[in-house]
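Structures incoming, each one as structure tokens.
What follows is chain A paired twice: with chain B in the first complex and chain C in the second.
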Partner chain A sequence: MALKAYWGRRIASSLLVLAVVLVLNFFLFRILPGDPVSAIIDPRFSPQAKEELAALFGLDRPMGEQFLLYVKQMLTFNFGVSFLSQRPVWDEIRSRLPNTLILLSSAMAISALLGIYLGVIAAAKRGGFIERLVLWAGAISFSFPSFFIQLVMLLLFAFAMPIFPLRGSVSIPPPPPGWPAMIDYIWHMVLPVSSLVILGFGSWALYVRNLMVKVLGEDFVFLARAKGLPQRLILWRHAFRSILPPIVTIIFLSLPGVVSGAVITETVFSLHGVGRFLLESVTGQDYPAAGAAFFLLALLTVVCNLLADLAYGFVDPRIGLERKMER
Partner chain B sequence: MLAKRFLRSVVFATCGIAIFVAAACGVDVDAIRGPKIEELYLVIIRDPDAQLLALEKGQIDLLSDITRPVDIERLASNEELSLSLAQGFHAFFLGFNVRKAPWDRVELRRAIWQAIPRNQLVRDIFSGYSAPLSTFLPPASPYCAEDLEAPPYDLESARRTLQEAGWRYSNGFLVPPGEDLPLKPMKILSPTAQVAPTTAELAQRIAASLRELGLPMDVEPVDFSTLIARLDEHAFDSYVLAWQLARDPDSLYAFFHSSMDVKGGYNICGIHDDELDAALEALRWAPDEEDARLAARRAQKLLSEKVPMVPIYSRYFVTALRKEWKGAVTTRIATADNVWSLLAMEPEGKMRPFYWCLPEEPRNLNPFTASSAYDWQVLGLIYDTLLTADPETLEDLPWLARDWKVETVSSGDGQVTRLSFILRDDVLWQDGKPFTAKDVAATISFLKEHRVPRFWDAVSDVEAVTVKGNHEITITMKNTSYWHLHQIGGLPILPAWQLASLESWQIWQPIRMIHPQKRNLTMLVGTGPFVFSEYRQGEYARLVRNDLFWLMSR
Partner chain C sequence: MRLLHRWSLWALALGAIIAAIGPYLFKTSPEEAVAPPFVKPVWLAKDAPPSLHLTITEEHLERRFLWEYEPPLRFSLKGAMRFEVPPEVAQIVWQTPKGTMVLYDASKKAESRIDLDARDVSFKLALGLSPFQNPMPHLFPATGEYALRLESSEPPAEISLALQVPGSRWGLLGTDQRGRDVFHLFILGIRVSLLVGLSATFIATALGLAFGLSSGYFGGIIDAVIMRAVDVLLSVPTLPIMIVLAGLWGKGLFNLILILSAFSWMSTARTVRSMTLSLREAPFVEGLRALGAPSSYILWRHLLPEALPLLLANIALGVPGAVLAEAGLSFLGLSDPRLVSWGRMLHEAHAFGAFTSGAWWLILPPGFGIAGLCLVFLDLGRHLEEILDPRLRRKAL
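Then we have the complex of A and B:
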């Protein structure tokens, strides 16, 4: 019962957060300076033509009416029509999601797995090559701007040694559908994904190393060693398991970022993705597109938070027990 | 090497004077037949460095609008590329809020014009790949009065001008006539360096020049939306902004007529001047070209006296093309990225697809609502207009209309403009149907009836459209203006049958609809030189040659 009440409260508070986001989403964009019509600075576009454009966008209707329409659209997942493209917002997002999801989820999975593995090894073998690599990789990921690394990779592997393509996610003309198209797609994604891995695994490795260094000095690890357990078992079954909750938190909280995209990566590699869509929607004051994108992001963040909570119970049974006792 | 030498000569030529060295090659557009290109890809590459790499690697054939001097130098030294350089319609101004002091004092505005070293700014910031601007229309405009005298840079003379008008200095700062205290600190609104680095730097340099004159000026960099909102609300002292203008001088009316000092209008400076208003009205409602030219000159002369804005520079447009493509049309006002080039160009040796770089995706391929230049880069190759402009002189040339007449006729109480077009009789739509005057009439009527915003200014003054036979059409306007010719002559023409059955033009997605009779076509059917084939979102647009195009050798 106590657990049910806990989840009931968590879901209710999540819905409240979503409701607040829904309202803020509408009003924040509208109280920002300017609007989609006044942003047009073309002397051939008269004030009368701008009025017609405002009517086309529905901006001539009373604010209350606009708000009700917006709420209805968000709650029914019919996000209206983008001001910039005059296409349904959902179509716009859907066409961009595959590239962004594949790019960022694969980059995140590889960087996380590689980083976690290297972080654990670096903590276990202090002063060794792996630790030095982790420290360097961490420094690179924090000190180099992503566009620099990505442009260098383009220059090296797409220009000087043209192993990979310079742009996009498909060759021109495109290969026939099926395996050739899939191989072509993977070929196009190698550089962007690997650039994100290079930029990302260091911070994972550094974080895990630091957590592990602390844990490896704890009593339960000394006890395990005293019992004569093998080093591998101590590292992965005892020490690593105890640092899983913060890692799980980071993984789940990173997921919304996977959808919001990587604007710079998408720009450098000319990928059709959600990151640029978000940026263009905000800078172009495309209310329906920006509103939908931020609402979806908020929804995903709330869901990921709930999932993280749920996952704690799996990775650390003590947490579920504590919650039960608290109730 | 030749390209590099040519470009260097341009740099030297532009360092000191506002005269432009052209890449003109003498174009006989009447002789052009085409298109010869069979397959055209508009390839989307967003990052400027990736664009250069793709061009150098031969993955694209044409790259337009190269702005960074370092890139121009680099490409100029590439023997596989030819660069064309042209005057554009870009104009960068420093504007003042003349609604309030001290900007309401004309002697101050004049002195500021003298106190900004435009030549030096262009040399320092653009390495010469721009021209100092001394006129209120860009030099490429046929209506630009380049002979009007602009004050040369002379700080001492600017100071003298002010002192003669009663201004004095106190601790290095200017004190307005009749006042005891020096001017309070003021700001130049500018976009941020992240968004527009060159503009932000120019704003800093201009502020430094104004401080030398004795004005306590500083730069206030703001987000672009904030900048526009502040200008709209008149909450500013001065601002810097670049404009992309057009061949007609109607921007002068939009920028400086008192009726345009309204929300959404472009009289940002807020100048209200009866003499100027009269000149601008004469320009806007000029019945014929000669009157228009005289009125444009008169308006520019008044502007150079009243100085509501200070012209700073106009940038050149640079385009790089792979040399294996022959026949590109370049003039002093057109780089190789124009429709004439696409008609005339063919590769050395075997025909192959032509790859043209698009720096952004065309997000909207609905001709009624498409607004970005990238949308129209695609749509402009599919749809035709009644008239076009000569790439060398910008004079009107026949296109879908082979002849036309602009008349001023009596109507009711006053006079109105009547436009008569005689259309070509050899034009076919891309689906094989003949193009007739009914299509033109249907397009104009549709745009007016549905109040399509993008075309509203062109059609709102249409009073009546009369079709005579298949190839003659007369359009009577509600008032008199020579510019109606260019506005009506510049409309993209759509097929009448399509317009008759079109319900939701606002959300029309013609590229996703198959033509009812021709299964290989979409509903994006024009009379233009290229037929829409495929748009892979965010990747490329593919167009193929329109074998029915009226300029094809038959």
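Then we have the complex of A and C:
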């Protein structure tokens, strides 16, 4: 079946990306810092911990075997011990991963939904207020550095008008668990998420608008109008349905950029996330932690890419019939 | 040339000129502190005390000035004086609207070195204050006429004293956390942004051209490998890789340019490849091949000149990406700390408490600088595209 072949090819290409990431990671964090031993073992570790790590990563074996062991440890999330905190890297990351996932998914979902909605409206009413808003938001997101917009928002809403917190993911001292903790968390996430939405929805809306404008000029839309269908039905059922596949494409094309944006966002707002952890580990020369954070961010992108590819197969029925697809 | 009518070309020329002559516009080094940290711009804080520098020399033993502001934050008097014979009386007198006080008594001393600072405990005690009291309201009790002078029984042989009262406002854009002139830093910052943006884009375009041409012309395994590499690089988040490379490899300017260009050649390679694919089948290339021209000759003398003009717009449109990426890496603290750049300024503003002091003049200028540079190149690129591809012109109308 053609659909199966399509999925097979997509999975194979994801595995290729993953393999490249692993090789790159091995090269960057094992070979570049000098020698492999100093990349995993800090002189300050206890002798017992040193022995354990040496056995785990096969540091006395030849390079090829070390690489295989390394791949195995990476895929089982066995990242070694952090130089800075002297704790297993996975424990450090596990406490941060939910924050990053929540930040990314909520920002992405809100900006995509808002952008798509505004884009469709802008295309339906050319020359209106919404269209001008969309064009401006697009121009801003292409020319202003993202962190600058975030800094200005921080200056406005956390300093000039102290409505939101200046930094962090949790208040100090932390509020009692349950609803207060939940509300406190949301309060800390409002600025980061809304800044990412402000930066993100413009390009989505611009893209959707351009697609929609093209589609609205086509014959089947004209026919739907001639049949006397209500405008809403024409827009969403007929026209929007036909541009769904390219929208799904743009989801996975925008993912790497979104992950990159998370690193900067977490730094600006001092959030407790994987991106900032990567930056801190790199500047603190904590090689195992930096390698693990980088690997996880790349893995996140690869997995989301794959999901988007699979979703593409669902929204575009032609995938099942035709193997040649545009990318 | 239609390009000459674009504002962006003139803006770019202005930026380039500023970048070229920037370091020669100022007499001082940008590292030098000129005022207290986080001081407001002059035009914003009209009531804040300005900086005051007075010198006392053999010709001018008295200096008078008018003070119409709040008391300043600091006060220091430094210098030396020498008499032929030890004088009966020699005092440095500070006259305020509410009376006079003796700052330093040099009576019966032939030579004296003076180093007074309002923060020194000994100076406070000499003024008759407790060590914990702030001496500034005492030194500047009211608005009006002030004077600093030497009262001595005979004229000094040599004297040079400097009074320094750093004010609470400075320059066009205030000062940063180290008391440096932000306007000075802003002018210098354009150099790095422009240099990195342009050179990274040129290298990336050259890489994309080379890979795209060979991929499109040779096809087969070369094409497959290069296009797979493009796919992989496009689906991996590049900023984390750049962070890792910059962290492991060093933060120099040259490294930064190399890292940026290594991760931005992909789209150019794709464009060039598709162009080459159609050119490869063109009759003139077939003719060249039939005449026995080697591949290198066809690529170098015929395909490259065909591709180059179209890449001009590509370069202009690629610069904003490189400028933004440089700013992002600098903002994360991954740039050479000795080089002033707009990204670095924002990094320092974020890391050293511009927020707790509300110092927006540290944040807005570099941000708008980066955005302005990007807009200039976007406009230039779009215009070049229109000139080179007349089909776009109709669409724009």
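Just so we're on the same page, the second predicted complex is superposed on the first by the 208 of 327 C-alpha atoms of A that agree within 3 Å, B and C clash if a C-alpha of one lies under 4 Å from a C-alpha of the other, contacts with A are read in each partner's own complex, and residues count from 1 in each chain.
Keep in mind that, in the parts below, a contact is a pair of C-beta atoms (placed from the backbone, for glycine too) under 8 Å apart; a residue touches a chain by one contact, two chains touch by 3 or more.
Since this is a predicted model, take the numbers as computed values, not measurements.
By the document's definition of touching, of the two partners only chain C reaches A:Leu16; chain B does not. In the superposition on chain A, A:Leu56 contacts chain B only, with no contact to chain C. When the shared chain is aligned, no partner comes close enough to touch A:Leu233: not chain B, not chain C. Look at A:Pro43: by the touch rule set out above, it reaches chain B but stays clear of chain C. In the superposed model, A:Leu113 lies in contact with neither chain B nor chain C. Once the two complexes are overlaid on the shared chain, A:Val268 sits against chain B and chain C alike. Touch criterion not met for A:Leu223: it reaches neither chain B nor chain C.
Of the two partner chains placed by the overlay, chain B and chain C both lie in contact with A:Phe159.
Of the two partner chains, neither chain B nor chain C is touched by A:Ile183.
Residue overlap on chain A between the chain B contacts of one complex and the chain C contacts of the other covers 32-33, 151, 154-155, 158-159, 166, 267-268, 283, 285. Those residues of chain A that touch chain B in the shared complex are 32-34, 37-53, 55-56, 81-82, 84-88, 95-96, 99, 151, 154-155, 158-159, 162, 166-170, 172-174, 266-273, 276, 283, 285. If you check the complex, the residues on chain A that touch chain C are 13, 16-17, 20-21, 24, 28-29, 32-33, 142-148, 151-152, 154-155, 158-160, 166, 252-253, 255-257, 259-261, 263-264, 267-268, 275, 278-279, 282-283, 285, 290, 293-294, 297-298, 301-302, 305. In the complex of the two chains, the chain B residues touching chain A come out as 41, 43-47, 49-50, 53-54, 56-57, 59, 223-226, 228-230, 232, 241, 243-246, 250-251, 254-255, 260, 262-266, 353, 355, 361, 363-364, 366, 369, 371-372, 451-454, 456-457, 460, 506-507, 509, 536-540, 542.
Those residues of chain C whose C-beta lies close enough to touch chain A in the complex are 228, 231-232, 234-241, 243-249, 320, 324, 327-328, 331-334, 343, 346, 349-350, 355-356, 358, 360, 363-364, 366-367, 370-371, 374-375, 378.
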